[in-house]
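Going in written order, the chains are labelled A, B, C and D, and every chain counts its residues from 1.
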Amino acid sequence: MKTLAAKWGLWGGYLAVLLLLPQVFDSILAISIFNQMAIAIVFALSYNMLLGQGGMLSFGHAVYFGLGGFLAVHVLRLMEFEAMYFSIALIPLIGGLTGLLAGIFVGSFSTRKAGTVFAMISLGIGELVAASSLIFTGFFGGEAGVSGDRTFGPPLFGMDFFSDTDVYYLAVFWVFVSTLFMYLFTRTPAGRMANAVRDNPERAEFIGYSARWVRFISFCAAGTFAGVAGGLFALNYEFVTDENLNLVTSGRVLLMAYIGGLGFFIGPIIGAIILTLMNFLLSNYTELFLLYLGILFVLTVLFLPRGFAGFIMMHQAAWLRGRLHGLALPYLLTGLPALLFILSAVCLLELSHASEPVLHFLGLSLARDSALSWAGLVLGAGLGAFLTARSTPGLRRAWEAANAPETRGGRERAS
Amino acid sequence: MSILSLRGLRKNFGATEIIRGVDLGIETGEKHAIIGPNGAGKSTLFHLISGKYAPSAGAIEFKGKSLANLPPHHINRLGIARSFQVTNIFPRLSVFENIRCALLWPSGYHYSFWRLLDREAGLNRETEQVLEKIGLAGRAKIPAGEIAYSEQRALELGMAIAGGAELILLDEPVAGMSHSEADHAVDLIRRVTEGKTLIMVEHDMNIVFELADRISVLVYGEVIASGAPAEIRANTQVQEAYLGEALSDA
Amino acid sequence: MPEVLVFATLNGLVTGLLLFMLASGLTVIFSMMGVLNFAHASFYMLGAYFAYSISLYFGYWTGLILAPLIVGVLGALVERYGLRRVHQHGHVAELVFTFGLAFLIEEAVQFFWGQDTKNYQTPDLLDFPLFTLFGQEFSAYRGFMLTISIGIFIGLYQVLTRSRVGLIIQAAISHPHMVANLGHNVPLIFTAVFGVGTALAGLAGVIAGPVLTTFPGMALVLGSIVFVIVVIGGLGSLPGALIASLLIGLLQSYAIAANVGMPELLELLGLEFPRSHPLDDLWTLNLAQIAPVLPFLLLVLVLIFRPTGLMGKREQ
Amino acid sequence: MVHLLSLARACSRFLSIFLIILAASFSAQARAQDSEPVRIGFMDPLSGPFASIGTSGLTVLQFAADYLFNSRGGILGGRMIEIVPLDNMQSPTETQIQFRRAVGEGLRIIFQGNSSAVANALNTAVTRHNRRNPGQEILQLNYSAVDPILTEENCSFWHFRFDAHAVMKLNVLTDFIARNEDIQRMYIIGQDYSFGHVVAETSERLLREKRPDIEIVGNEFHPIGQVKDFTPYVTKIVASNADAVITGNFGADMVSLARSIIDSGLDIPIYTFYAAYDGITATLGADGKNRIRLVHNDSANPIPTEKRKQFYRDFKAAHPGRDVTQPRLAMALSMLVQAMEETGGTDPYELALALEDMRFTTLSGEEVWMRGSDHQIFQDLHVSVMTDEGIEFDADNSGFGLYTEHFVPAEQTVMETSCEMRRPRR
């Protein structure tokens, strides 16, 4: 029963953190970030149902997010003009239903195959819908999008939704419920078979399951939750535009899920948090934000194929054996020079891009025309790279020592 | 009455005909082995029965029902399960999950997304029983891709028998095993297929003669002989075509 | 309007053959390595930018030679140190990697060259009208583009069908797993093919840059179209890629040239809809407006009804 | 189960680190809020495909703040102006995010210019915010978005436009075209979005009024930012025997269209709104000479006053690679500062009242008027030609620049408005 208690504790903790966040950070700014994160979490988790759990690489997942958002915002408009009476709390459900319907339609022909064929169909559908959204301005509002006001519904528990904080508490409800359902889905026959089909669709056929149906169910579920996220977006920003369903948004959710870690349920949550924070903390301090994001993404694909969650989980074995502490010093020895290298390199990039003669960055004042600041940065980068390279073998040894099998050992693998 | 009957079965890929008119009837409860030289079409025959390939001509009937043009999952649901020559499992799922997945459809769970697997005590007990049977109870939590090869073969077998199918097709169940492992596997096969109909493709003659009560010899897509082990051993045609060299090799 | 038809055909050919230069490299890479290189058009963009920078100092013709070489080397490095690394994690990881690379290259180009459009000019030698038809000039540079593209197609065809390397590559396309058994250094062939494929994309960039505008969005505009061509043409089929390229080039060109749309179609059918209908946007749609969408429509249809593509032999 | 627990622990550690970073960044911002400078937001694309327009605007605004005010002791008795960049990537969605950020950071005045879609989105967001948060209103100073709707049916007390709107500009442009007797056949082509549609409909309507004999031989939309090669469109222009082209295109679509027209040997004037600066002038080079014409405010050449010439020279000295692309940013900032000095503070409501019907003399010596009934500015409008003759201040350091061919004084640009402004009560 210990595991059951832990499980309740984990979910209870998740809910508590969600509810307590605005108590700790109560600035308008913080609430606005939390709302953004909440939307990103649901969206990224829904994407993981496709790629992480079901093995379907989609380049058009924003279609369901965007369509959900558009329907939701149209309902808001109907409420505003009193053509319809509806609860604000259920707006994300409108988004979800739209995502589900769109998922059923597209899924009916796109889930026949996984792999490249699926990826290409999703790309084609994504481009088609994005282009149509600019052509059919009646529904999509052209490049200006559609706007609706969330304050015309009946008040809910005394919340009139004038402030983003009200939206946050509503979002918490939906994020929690969506996370819970998406987690539980992975424990159902359909969810488990999605993993099986991802691993080996042929074998799944020979134990009685149609790979296509299994994919179709995951696809519809993913569309539904993407639509819920879209509905939340509509509520929070009161604006939905063609950008919400185009390739850029689809790419961003892929980035989130991948950087967070595809194979783990918690991965996309981590990815959504990291990317939202990065976007917020960095985008206004540097014009090179997207360049850094690109570098981070490519490096993640190259060196952390299982994302940040995978990186954390890599330490599970050492942790279980109580050897994690042995890694602390080597990590520090490699990490600090690496940090020096990264910071120097970033400063170099910023300096070469600077339009002002003096660049204020990371607390440093660097003169663009002074050889000294260039030399200092190059030296810093060189030193950092050198020390990192020097300490890597030590880290590797420490890693192997921490993960060395115990005396009993694993069985030999014959092949 | 035959549980499975093949009549005039043919399969060609482009101009090459691999199965050239096979007629075969398998009796309920029989342990049937198909032997033959490499490239005789043994695996293709399995693929035709299990629905991976569609026949070019001829009929396949299972308990009187035609299997023509049915997709693999339909055929499986009728009660035909199979294993593969090359290990074919779900590598990232645990050993336990692999078996449980194989049990899902036959236990009536189908595509349900409202029932939680962890709560289904009966299903989990059944999974554990299968794991006990195939001797993998101790490896239940390990990802299937990471266990030893012979264990994967046992898992492959476990997935084939898990659903309680009436007809089981085993494609070279002991390929790549050492002698002791193979002996163990034969025991296992005998135990787990008790009371069921079994068709197997196998190269190792000792195992064939140990397990099978009837043998068919497939050469270049045709069945040249079919009968009890003793008959086959005595059949001169078989000896010429195949058995002689195989036996002398062994 | 015969003049519109003639020029629409010429324009379609120029665009189509340009697309083919990109698609040919992509299709060989895709067929051999199973990698749909999302960043292929980014190499095209790099070609244009490198050639622009070189042309500032050494003139257009040096850029024409050097830029594709630089791009090819870059491509080979990407294959060797990037793709090969992610290869072990499967095709999804590869696709995601090239997707990230496309994103990164676009940002890097903006970092090094800035966000403005670049003043990359056609060489003086080719700055004259080749011929004038119905009052419209067909510039010598466009003729040059046509010549180069056709030359590349013939050259590629010769190499693939006549030379030993070509035969190995063809074998690798149709039987990817067999070639390793023949004792050829497959990783080296992969790197070389990737390098040559990206160099071809770079060459396309060099010759397209001056007429199609050199700016950071130029890869995005072409990127997914090239994909579409490879899939529509069919896996492993160079002639398929050629046909699909011309098809898409001409289709888009004719769609713009043709003054037809829903209003004409409805008139033909004798139907009439009120102007304020909610679906008004649909009834007033014309072909030119949807021209850029047509390839994607075609892509989805082909994938649903003929997953092997027009000329492909293998399922993808 | 153990691994779930360990995961939870790892995550909580991970989260706490991020929360520390967050908290640090917030407290830093909270401190900044109490300090001296007057903080003004500048929201425009600073990254992404449209960044060059936004960054050049930001440079001009920052320079104007330093040059005109900060270097002369600041405003309101010694406070400095601090420009806070807000990067919206020219996307209405990102605009929503950045607007919340501006609110969170306590900014009360936001400059924004590029894309009417963004301006409309911001206008709606500002209006909503101000209705829901009385006492914390935000002022939107639009320096470049020209969709008439912003000062017509969607006009707002909190929005001021410091640029002539599209219909005003087209009115001047069509007057100019109407006087050219050589033009008999006009082709209109534009990007398929709201501004493109406004240009198409308005120019067709105005030309029909002013010169019924001009035949509109084509009125075409192309998808925005997706056309690889404009030659097929140019083929249609050639086939139509047009004498002139009107286009509202901007960015790469403008360059590609002009290039294709030039490459096809078609020698006809091209009337535009945005075909200069940010690399466009350099890219078109000699080919654009005497072909490209622009309608805009603020003459680029000749410049009437020494004061403004000096502003340009000093700007060029500080930013050799850039141009004063949006001189009206300096004008808008100066008018805002004048309103601040008049009211003695930075309260948006008071500022809005002070800006209404303000008359102001710009660096060029011309008097402009901010109409109180719809918050639309009126100033002289120019039609200029791209040339290298008589150019004192070129664009993109290319030797080419804009030279005024025709100008209309402010009072003649005044148009009726349908604005019914809802004024908040205090």
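The rule we apply is simple: contacts are C-beta pairs under 8 Å (C-beta built on N, C-alpha and C of every residue); 3 or more make two chains touch, one makes a residue touch a chain.
Just so it is clear, the structure is predicted and the values come from calculations on it, not from any experiment.
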Pair of chains joined by more contacts [C-beta pairs], A-B or A-D: A-D
Chain whose Cα centroid lies at the greatest distance from that of subunit A: B
Computed distance of Cα centres, subunit D from subunit B, in Å: 73
Intercentroid distance (Cα basis), subunit D paired with subunit A, Å: 34
Computed distance of Cα centres, subunit B from subunit A, in Å: 43
Chain centre separation in whole Å, for subunit C relative to subunit B (CA means): 48
Subunit B, residues touching no fewer than two other chains: none
Per-residue multi-chain contacts in subunit D, two or more chains: 51, 55, 192, 223, 226
Shared-contact residues (touching 2 or more other chains) in subunit C: 110, 289, 292
Chain pairs that touch, as defined at the top of this document: A-B, A-C, A-D, C-D
Subunit A-touching residues of subunit D, taken from the complex the two chains share: 1-8, 10-11, 14-15, 18-19, 21-23, 25-26, 29-30, 46-48, 51, 55, 59, 85-87, 91-93, 96-97, 100-101, 103-105, 115-117, 120-121, 124-125, 128, 132-133, 192-194, 223-224, 226, 319, 321-322
Residue ranges of subunit A in contact with subunit D within the complex: 2-3, 6-7, 10, 13, 17, 24-25, 27-30, 32-33, 36, 131, 134-135, 142-145, 147, 149, 151, 162-164, 237-239, 241, 243-244, 264, 266, 270, 273-274, 277, 280-281, 283-284, 287-290, 312-313, 315-316, 319-320, 355
In the complex with subunit D, residue positions of subunit C that touch it: 1, 3-4, 7-8, 11-12, 14-15, 110, 114-119, 121, 129, 132, 134-137, 139, 141-142, 211-213, 215-218, 221-222, 225, 252-253, 256-257, 288-289, 291-292
Subunit C - residues contacting subunit A, complex: 34, 36, 82, 85-86, 89, 91-93, 95-97, 99-101, 103-104, 106-108, 110-111, 224, 227-228, 231, 278-282, 285, 289-290, 292-293, 296-297, 299-300, 303-304, 307, 316
Subunit A - residues contacting subunit C, complex: 51, 55, 57, 59, 109, 113, 115-117, 119-121, 123-125, 127-128, 131-132, 135-139, 247, 251, 254-255, 258, 288, 290-291, 293-295, 297-298, 301-302, 305, 349, 353
